[in-house]
Amino acid sequence: MAANTFGTLFRLTTFGESHGQAIGGIVDGCPAGIPFDQEFIQTELDRRKPGQSHITTPRTEDDQVEILSGVFDGKTTGTPIAFVIKNKDQISKDYDSIKDIYRPGHADYTYDAKYGHRDHRGSGRASARETASRVVGGAIAKMILHRMGIDIIAYVSRVHKIETTKTYKDLNLSKIEESIIRCPDEEIAIEMINLIEFTRQEGDSLGGTITCVCKEVPAGLGEPVFDKLNATLGHAMLSINAVKGFEIGDGFASTYKKGSEHNDSIREGTASNHDGGIQGGISNGKDIVFNVAFKPVSTISKSQTTTNKDGEQVDFSTEGRHDPCVLPRAVPIVEAMAALVLIDALLLQNTQNILKTQ
Amino acid sequence: MAANTFGTLFRLTTFGESHGQAIGGIVDGCPAGIPFDQEFIQTELDRRKPGQSHITTPRTEDDQVEILSGVFDGKTTGTPIAFVIKNKDQISKDYDSIKDIYRPGHADYTYDAKYGHRDHRGSGRASARETASRVVGGAIAKMILHRMGIDIIAYVSRVHKIETTKTYKDLNLSKIEESIIRCPDEEIAIEMINLIEFTRQEGDSLGGTITCVCKEVPAGLGEPVFDKLNATLGHAMLSINAVKGFEIGDGFASTYKKGSEHNDSIREGTASNHDGGIQGGISNGKDIVFNVAFKPVSTISKSQTTTNKDGEQVDFSTEGRHDPCVLPRAVPIVEAMAALVLIDALLLQNTQNILKTQ
Amino acid sequence: MAANTFGTLFRLTTFGESHGQAIGGIVDGCPAGIPFDQEFIQTELDRRKPGQSHITTPRTEDDQVEILSGVFDGKTTGTPIAFVIKNKDQISKDYDSIKDIYRPGHADYTYDAKYGHRDHRGSGRASARETASRVVGGAIAKMILHRMGIDIIAYVSRVHKIETTKTYKDLNLSKIEESIIRCPDEEIAIEMINLIEFTRQEGDSLGGTITCVCKEVPAGLGEPVFDKLNATLGHAMLSINAVKGFEIGDGFASTYKKGSEHNDSIREGTASNHDGGIQGGISNGKDIVFNVAFKPVSTISKSQTTTNKDGEQVDFSTEGRHDPCVLPRAVPIVEAMAALVLIDALLLQNTQNILKTQ
Amino acid sequence: MAANTFGTLFRLTTFGESHGQAIGGIVDGCPAGIPFDQEFIQTELDRRKPGQSHITTPRTEDDQVEILSGVFDGKTTGTPIAFVIKNKDQISKDYDSIKDIYRPGHADYTYDAKYGHRDHRGSGRASARETASRVVGGAIAKMILHRMGIDIIAYVSRVHKIETTKTYKDLNLSKIEESIIRCPDEEIAIEMINLIEFTRQEGDSLGGTITCVCKEVPAGLGEPVFDKLNATLGHAMLSINAVKGFEIGDGFASTYKKGSEHNDSIREGTASNHDGGIQGGISNGKDIVFNVAFKPVSTISKSQTTTNKDGEQVDFSTEGRHDPCVLPRAVPIVEAMAALVLIDALLLQNTQNILKTQ
């Protein structure tokens, strides 16, 4: 892993600014001979795209993915798979007014501090638009995972204070995509949507949590001591824009239990899973379960006070083409990053087979 | 980062099993000419060592660090710094009874699933004994950070349900080491200690949270989009034994706020720091603050039921030389991992100076 | 370094097949604020492009580079610089006849052995067309190196048995680009060109050597013990298509000398440079000098016998749009790879300044 | 690969200075369950050790390897294998006289230029003593390679101008270890030994070439485009002390052939192997053959003139406990580095099996 590259063997490198020519990336290390399903990638991208419902930004980036290399005769060739998504609905002029302003909660100041200057248009590289490339990379990973029977399913479990009290086992996960908020608890979903609508009208924004479940992951994945599977999952999730927390299994709640209450018995079908499917940093064959905390979106239309480049205090407000709550669109991003972690862990674990497979 | 190596430029590789010959590691990439303070390393190790107080395990590993290379004339030479800590107080026979048992909450089963066999003595490589090597690596990182004025301070902020309600700004952080539980809130510390004592007598164990503050970190550290500073800090913390959660700044609590409540203004001395010193994955010059959740220790003396290698259900209990609560000893480990993240981020950011320094 | 990525801090990842949609790459880790000269990149690409003279292939790939990201206000932003070169003059049908044939000297069989199938059109990923992406990456590196006063100059020193007997110090290196064979020894250059012309008419091909000189490289570059500067230079050169040998300084000739004849005195202006500017794997401030051996091009129009996928013996010949000798077009590739090695070594060495620059 | 670490999946990290406490290393990424043969490691180390014959240095480092971790019940556990070789026969005082002198041909000046100071005793980290750790790492790699039927055999093919004219196919490679110069051509071996003896008495030193053959390497190894198998082999060899050149197959000699003479036919039992078993950077199943050029040893007892730290010209000479020719002791080092490259390439290629082995 290195700045704009994620993964050791299955490596996604992304590029692109919000208002540049294009965003995109390269997947290197994808094994050869995998049947390549470009439509599936597009479907995954569509789950992330803006303008998909009335509770997301009304911007309508079309986000058509183009594959430039690495696929031949309908199968991956083992060589780098490059892809590009052209930027279209860019109105860069919109951003002239904030060119010299360091917006609260944003990366404006930190990019300047790090690099000396920045592409300020639409937040440039710091824009969550970059995550579209992750969805493409993750979709390619999922093509392999699906063939192995591994399923990754994420959903919105809480928006602000509105939370489903059911665990994933009690929810019908096949209903996630039926709801524009991507919460499978129908009643709660309606409450969430109403709150988001109300908050948008206030000119404010909301955060919440996404829960992710990975099913049929074989035991043995993860590379202790530093690349424990929970550590690379945490790394992956915390690299997503606006994420402020990660917990595996019972996570922070586990700290309120005693050892005798928390300890998972091993290998029994009916056993508890407080550890969330990972022990000692290695998957144990149970469902992998984790939560990701997203702070409220920094861009709000309410007027705010901040500082400009010259250190002067300024008032400003942003026009309203932004998401009041990123969570529904973040669901496929969380899944994509989980897919990248799992495929890499699978490839790494495969090295243990060296004497068997040669 | 790769399995047993942490860091891109300042790289710590650790080795060793709990009951093998020795544990230790190699620090590669430490700049040359750094005055080397071996006593400081030993002091840091002593903060982690077992038997340091009546609330930790009564095992008395001496944990003397030996430096084998990379230091000359009292300064680092820029070549690898290898170190060894011999294993001494090993009574491997103690573990014969659990050789074929998969203990609940432990990594016994997962190591077998991954590697086909394992060194079961004292949990082998999965033992938290490994973290002594991290403390050494972190101490070497701190030698450089201290010269830059950067300070890393961690403390126990909660044990089970006993929590200090003060923020780090209201606590006297210089008092942390005065308390055997390493909580600077004196009254709360006493409650924590009492609870730990009580729980030990019950034959049970406790978890909790550690809060860490990094002061005087310059703005500009962190490598978006995948190696955001919060992502590498999260990776580092989640790689520590028993850690189940990580949050930066307000973390999970931030999800209960609206954007207008959460957004930090930029650069003002009196400003809020909900983001915990990192925005867009890059440090902003404010204090970096994060919390780490430790589950209750898996090893308890209460009798438990589990499965052995043959899939049979077995009852077992462990004799009592274990920590009822790892948090006080985990404080220097959290600091060490934070130090490794920060020194690496500083070295990486230094590449931005290429045209200035040549 | 990993498959399609070169470099530790300044990382070039390339993609693309000869007859796919496009080739290109991503440069990650380029420091911010570097004035970006796209025309210079194009000039470098033009030095590599086919059809540039009567001794190269008559194919006329236009090789226009498009920059998709990482540059703003005429300067690098520190974020990934993605670039694309569209494939144009592709007549893929030409290759149908060799689809199932393993051409001698080519990578046809080995790609099939590795990946199970391959994009056979124009050699696919194994085509030297990929090196155009390296020239772009190298040109970006050169933009920084030039500002530091570092110059990288390569030339053709031998074609088959026709060799300049002058060392680089006795040649006028400013004349390299005046000759279509890129040999600054004018008389020898004419002989080389004549030999290439004659060989083309024979339907055969030629190899030779390229000599490269790097001037004003500061002392201190290179990362022993495994990433010695000569080792990374060697790695870089041996990764170029058709390269079969690498030697630094006197190289193989040094083995015919005694220590007393070969040992370079240190630091004296008039001193010898048998070691080629690198000692103990670290640059010593003298000119870095190395030679690269290119085998004769595998594609020839003479009829050859080989094997097809079914193991049957077949005769075949290739039509004549190929280079009879790659050396003149390989000169900018050698320079590009040297530039990538040097910029990475400079950035790595800069970490030694950590206490000075903060 | 990074400074003191070699390999992507099977990673050797080495440490230690010639006259420090110890040298050693860590092998990380070795698959679990490999029967571990410590005696074999010692045998390999003995092939490299000083004082093994009258043509090597009379220093008698005992070089006993100690394994500290990663092995249990006679098999590797998949965790890091740490090893230490204590330094014994150190007479550091011997080096006081050269403390401030930059010896010709050595790394004295360059280490100072890079790091600002250095451990000058016995060349410190720049000493070829470091390669003992490579032999240990390579021996562990060989344990796996042998089980796969892969054999790596190196021998001295030339000393100064004395060269065997036979190719490896015409030599009895089982006789290599019978000769103290490790050349299987008996008559030539005697001439080589005589020349070395004579040169030692002159107070001078010699270089030469080592040829290495890797047999039964499966087709498909190597990771284009940057980690071609020849590129990683070249990197490995050029990282060995005193190596100035590398060539695969016919190497530099191939440049004197035409395409029609050089092109290897594919897959036929009787076919030529000018390419040395690698095409397009990927092994083709034929023997891998390469040559490595070693310059004459820099340490000679003849008086030499050089510069000291203050830039003053000084005369100096070294006492005679050094090798007049490193080649016989370098044979196991070349093999070790080849083994590290091949095991890493095998593990990487194994990722192609992901869908087959799960």
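Chains here go by letter, A, B, C and D, matching the order in which they are written, and residues are numbered from 1 within each.
Criterion: a contact is a pair of C-beta atoms (placed from the backbone, for glycine too) under 8 Å apart; a residue touches a chain by one contact, two chains touch by 3 or more.
All of these numbers come straight from a predicted model, not from anything done at the bench.
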{"item": "Most distant chain from chain D by Cα centroid", "value": "A"}
{"item": "Which of B-D and A-D has more C-beta contact pairs", "value": "B-D"}
{"item": "Where chain C and chain D are represented by their mean Cα positions, the distance between them in whole Å", "value": "26"}
{"item": "Averaged-CA centre spacing for the pair chain D and chain A, given as whole angstrom", "value": "46"}
{"item": "For chain B paired with chain D, centre-to-centre distance based on mean C-alpha positions, whole Å", "value": "39"}
{"item": "Chain A: positions in contact with at least two other chains", "value": "2-5, 8, 14, 29, 32-33, 78-79, 114-116, 125, 224, 352"}
{"item": "Partner chain C, residues of chain D touching it in the complex", "value": "1-6, 8, 14, 102-111, 113-116, 125-126, 130, 158, 160-161, 199, 204-209, 219-228, 230-239, 241, 243-252, 254-268, 274-276, 278-285, 293-300, 302, 304-307, 311, 313, 349, 352"}
{"item": "Chain C to chain B touching residues, read off their complex", "value": "8-9, 29, 31-34, 78-79, 144, 147-148, 218, 224, 346-348, 350-358"}
{"item": "Complex contacts: residues of chain C adjacent to chain A", "value": "2-5, 11, 13-17, 20-26, 28-29, 32-33, 66-70, 72-73, 75, 77-82, 84, 114-119, 124-125"}
